[in-house]
Amino acid sequence: MNFDFQVMFETILIVLQAVPRTFLIAFLILLVGILFGGIIAFIKIKQVPILSQIINVFVSYVRGVPLIVHLFVVMSSLPEGASSLLKAVGFEMQPHEFPSILIVLVTYSFLEAAIQSENIRGAFQSIDPQQIEAGLSIGFTRRQNLRRIIIPQAMAVALPMFLNALLKIIKALSLAFTVGAVDIMAQARFAAALSSRYLESYIAAALVYWFICGILLIVFNKIEKRLQLGSTR
Amino acid sequence: MINLKGIEKTFDGNKVLKGINLEIKSGEVVALIGPSGTGKTTLLRTINFLEKADKGSITIDELTIDNEQVSEKDMILMRRQTAMVFQNYNLFRNKTILENVMEGLIVVQKKSKEEAEKIARQEIERVGLLDKVEQYPIELSGGQQQRIGIARAMALHPKVMLLDEPTSSLDPERSLEVLKVLQKVAKTGMTMVIATHEMDFAKYVSNHVVFMENGHIVEEGSPEKIFTDPSQERTKQFVQELENPFT
Amino acid sequence: MINLKGIEKTFDGNKVLKGINLEIKSGEVVALIGPSGTGKTTLLRTINFLEKADKGSITIDELTIDNEQVSEKDMILMRRQTAMVFQNYNLFRNKTILENVMEGLIVVQKKSKEEAEKIARQEIERVGLLDKVEQYPIELSGGQQQRIGIARAMALHPKVMLLDEPTSSLDPERSLEVLKVLQKVAKTGMTMVIATHEMDFAKYVSNHVVFMENGHIVEEGSPEKIFTDPSQERTKQFVQELENPFT
Amino acid sequence: MDLEFIMNIFPTLLKTLPLTIYIVVVTAILGFLLAVIVTAIRLKKIPVISQLMDLYTSFMRSTPGLIHIFVVYYGLPVLFRAIGIDINFISRVTFSITALVLYNGAFVSEILRPSYLAVPSQQHEAATSVGMTNWQKHIRVIFPQVLPIALPSLGNALIDLLKDTSLLFLIGLVDIMGQADIIIANTLGVYQLEVYVTIALIYWGCSILLEQVIRFLEKKTGKYLR
Amino acid sequence: GNGEDMADESSSNGDATTVTVAVENASNPLSFTNENGELDGYEVELINLLDEAIDSYEFNIESVDAEAAQVGVDTGKYAFIGGGLFKNSEREEMYLFPEEHTGVSIIRIYTRADDDSIQTLDDLVGKTVHPVTPNGGIFNLLTDYNEAHPDAQIDIQLGESGNFAQRFQALNDGVSDAIVMPSNLGAEEIITELNLNVAPVEEPVQVNPTYLMLAQDQDDLKTELDKAINELRENGELSALSEKWYGEDMFQYEITE
């Protein structure tokens, strides 16, 4: 086995080009996921009738079915739908002109919302009900209480899971390749095909992924430490 | 000022408040006494709408609310007239002492940060804990946490203060200090309801004593009456411990 | 029985225990009194090794342990001689009342489930809460939780009981009951250390009073001595509140 | 959509289920145990090992499953060959489970760690004060309180694991997804929709099952929360 | 084979060395799993024929992903890959190739049947070419073309190309103007099956020889393979295989490279 470091470094440079784009998309998806996931979790915790049953089915479907199937479904319905919708309001757009980035965003955000709803629900189970009462007793509205007391405390639990999710999305974006968005792994594969150096390329990709993770960890750990201030351990 | 009518509350089939009727005048300091598990805490919590009573109506100031049809907005309105000191303190564990006291001032009363901090420091000084402002609740002793709980409620300057055994973790010296603070505040016309099992404290702090047992109000009246000449046999029995508690 | 030598404890630069020396004989009931934030709770916690003191040695029965070199195993050995009642109860929140009391018997003392349940029910009955055995802690009133805390410790029949303000949430009637229970247990030769701010209670329950302030032991002696004829000015000042607490 | 085609491939796809389930179950259990150990080491901050575990979890969480499979299936034998041991006799399933356990364990440990930290210190002290050993404390008091917090996220992890078994097709192990790929390839992609509908149903069914397991555990462990 | 899980099987023949070789796991008709769950295809049969012809080696076929095969041969897990691979300078640097090729791959341009504006690679400049997969030879081919023609660049779209049916459907629908791909992967079948308005350009872009690709330390095996491949070539068995899987003897085409 002859390992070529030169090729590996060159590949790292190529692969790095995909990082900002991949990261940005992933972050966007996570944010949307947390937002909607939060709403879903709220409905579940409150056990809003009917709505929470619908939500349950939605979550179990979206979570359960492989991403590739979701992509396939969205890819084969969203552009068509959008095209006929636009036509109805007088715009002309061929289905295949539909921006693939939107397909990625829509599909992944749905999935992420389902996943985050469960993470958030778990985090909320860790809240001491007396903390909620303390907030109410000084006259907080539910929303103020949520923002000032509950979310900061739940965040200490949820944050590492959000990082888990972000890392997963960054990787799962390699599937988004199916709809033509190039991510880190795809970039590495092209490099490998050209150089015929597979090992070097994969290791390069791994290092880049790991590097991103390292940076994220520094940021997330900082926030987590802050959130844990004064916590009971 | 406060008017409770027919308050009932049941926990999983266990009726804890069995129709409480109580009228409290503005500026009165009410001592709520009675055996453990009688419903004192629960009553305070229903007044603060932390627990929604199953039946009955609650009036605070001008606003009357029927518990059977109360909206979230009404509850918040009512709560903003009151402040509560909890039996087990319930400080915000992720906030420092100073932040604990400032929180309501900033968020609810929309005070500026500077003003809130000024008020907070005053109240914390009153309970003798200025050296702990940067600490987190877990780093405080029981009595220290209890005093911060009092400071947090005081800082809000509510119309009604609900205090749940506010001196349970305080030594006599500190209890006396708290007593003085409460008496001073009472002079400003603030109405107070204090659940307590320290009869001495009840006697000196209040001008209206309510003796509860088993979800009922057994007897109420002036401290003199309740502690020296109660009309009910059960009250007599309960308060006579006071004279010679451990003999 | 218990011998503390030069116990020191510092929290982030704040020296809370400043060299505590204390000897407690077998069967003694020690009342630990002193102002809030003085280090009573911290001292009890170091005896139970919930907090490891920075310096000093602790002897319980035959076993002496130097805090600067203590193994996990030693700590467990020491703890199994003691039981603790916490100031804020600390019941297992995921277990019912009955399970709370049975837990130590089954897990630590390896008793059979039947025997454990029998003992647990006895102890729960003693604090008057047999009707609550299937409830979870969160469903109990403050005083009820406190009594279960006492029952949980009692059930273990330890050589040493450490009680941190065991009557803080109890009305006089219940306090008296707890007093009687403790007195009865003391007769069986159990050693007790009770941090309390209820001077009456301290006076009647103990035969050895320790007055602490600011991390030091200011004075110790028999209750008669401490409460009627203390030698230190500070002690005099602190206990005189007892006579006329709120005047 | 060709219903007959779906009926035809349904049994073929179902036939791969036992392998999938076997891998999921074994991996879930081993992965959980690994996660517990990793979490314990990291929380105890045992020097050196703890830092190694940090590296391990960050690597496993950040890099794609494809790389783990390759590292374990192709990399490990090279490593062992270097010290003179041939491990190529080990079965592909074992290699696969190893890779998945390493991956799953890293993720689950980052679910357990924050959940564990959310249990108040007073609960630790209560257990300690009645004389429990560290182990007894964790088993009897702490873990039961970690679970209600962690379970929803563990559900996520379990369902992810179900889907991640498809990675094993890379090295030729045929799970549901792999079988689907085979059918799509053999029919030159003409029946992709039908294949996807079928596997969607199967996956959905499986994950509903897993969800029920989680829900059951949640009910059991979360009673005290009311 | 595919059914078992042992990476190495103990040899049935006393002195023979057993080596593991890899083929792709879903690449009809080169190597794939058939309805009976068995490994089948042109490359599989080829390797089995070679196995029979060579006494001193036993082949143990593992079907894995194309990329896994590459990594496996790099790390020494596999002795060689049979995947219809092209030879190029980068690969020659890293691997061994037998003297003789064992397959032929014809690369064609596919366009809509009524579109005659595209005849050669040159005509692809300015057209929409369907995205190509990163691990294929087509990507290399088009990249090479662009390198050779700096002022006439073909727009190579990167992205998953979708399965073959999707590619042809997209071409049919006008999403793309051309597909460049080997003709031996079932193109004809799809076009008839889906009844598409698509046809290959008459002239092939390239006729490529395809090879088994050996790990660099397998010199002895290479010698044996060279001998055996020659034999199969001579006695017409390779042509027969080609007839069986492609319906024609691909070896009759003149190699363009």
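By written order: A, B, C, D and E. Residues from 1 in each chain.
To be clear about the criterion, contacts are C-beta pairs under 8 Å (C-beta built on N, C-alpha and C of every residue); 3 or more make two chains touch, one makes a residue touch a chain.
None of these values were measured; they are calculated from a predicted model.
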item	value
Chains in simultaneous contact with subunit B and subunit E	A
Most distant chain from subunit A, judged by the mean position of its C-alpha atoms	C
Furthest chain, CA centroid comparison against subunit B	E
Subunit D-subunit E separation of Cα centroids, rounded to whole Å	35
Where subunit C and subunit E are represented by their mean Cα positions, the distance between them in whole Å	81
Subunit A-subunit C separation of Cα centroids, rounded to whole Å	51
Centre-to-centre distance between subunit D and subunit C (centres being mean Cα positions), rounded to whole Å	46
Subunit D, residues touching no fewer than two other chains	66, 70, 78, 121-122, 192
Subunit A residues counted as touching two or more neighbouring chains	1, 128, 156, 202, 231-232
Residues within subunit E bordering two or more other chains	67, 71, 74-76, 162
Complete list of chain pairs which touch one another	A-B, A-D, A-E, B-C, C-D, D-E
Subunit C residues touching subunit D - in the complex, by the definition given at the top	48-50, 72, 76, 79-80, 82-84, 86, 88, 90-95, 103-104, 107-108, 136-139, 152-153, 156
Residue numbers on subunit A that touch subunit B, as the complex places them	128, 130-131, 133-142, 144, 148-149, 152-153, 156, 227, 229-232
Parts of subunit B lying in touch with subunit C, wherever the complex brings them together	11, 33-38, 41-42, 87-88, 139-144, 147, 164-165, 168-176, 179, 197, 199-201, 203-205, 238, 241-242, 245-247
Interface residues, subunit A side, partner subunit D - complex	1, 60-61, 63-69, 72-73, 76, 115, 118-119, 121-123, 125-126, 128, 156-161, 163-164, 167-168, 170-171, 174, 185, 202, 205-206, 209-210, 212-214, 217, 224, 228, 231-233
Residues of subunit A touching subunit E in the complex	1-2, 96, 100, 177-182, 186, 189-190, 192-199, 202
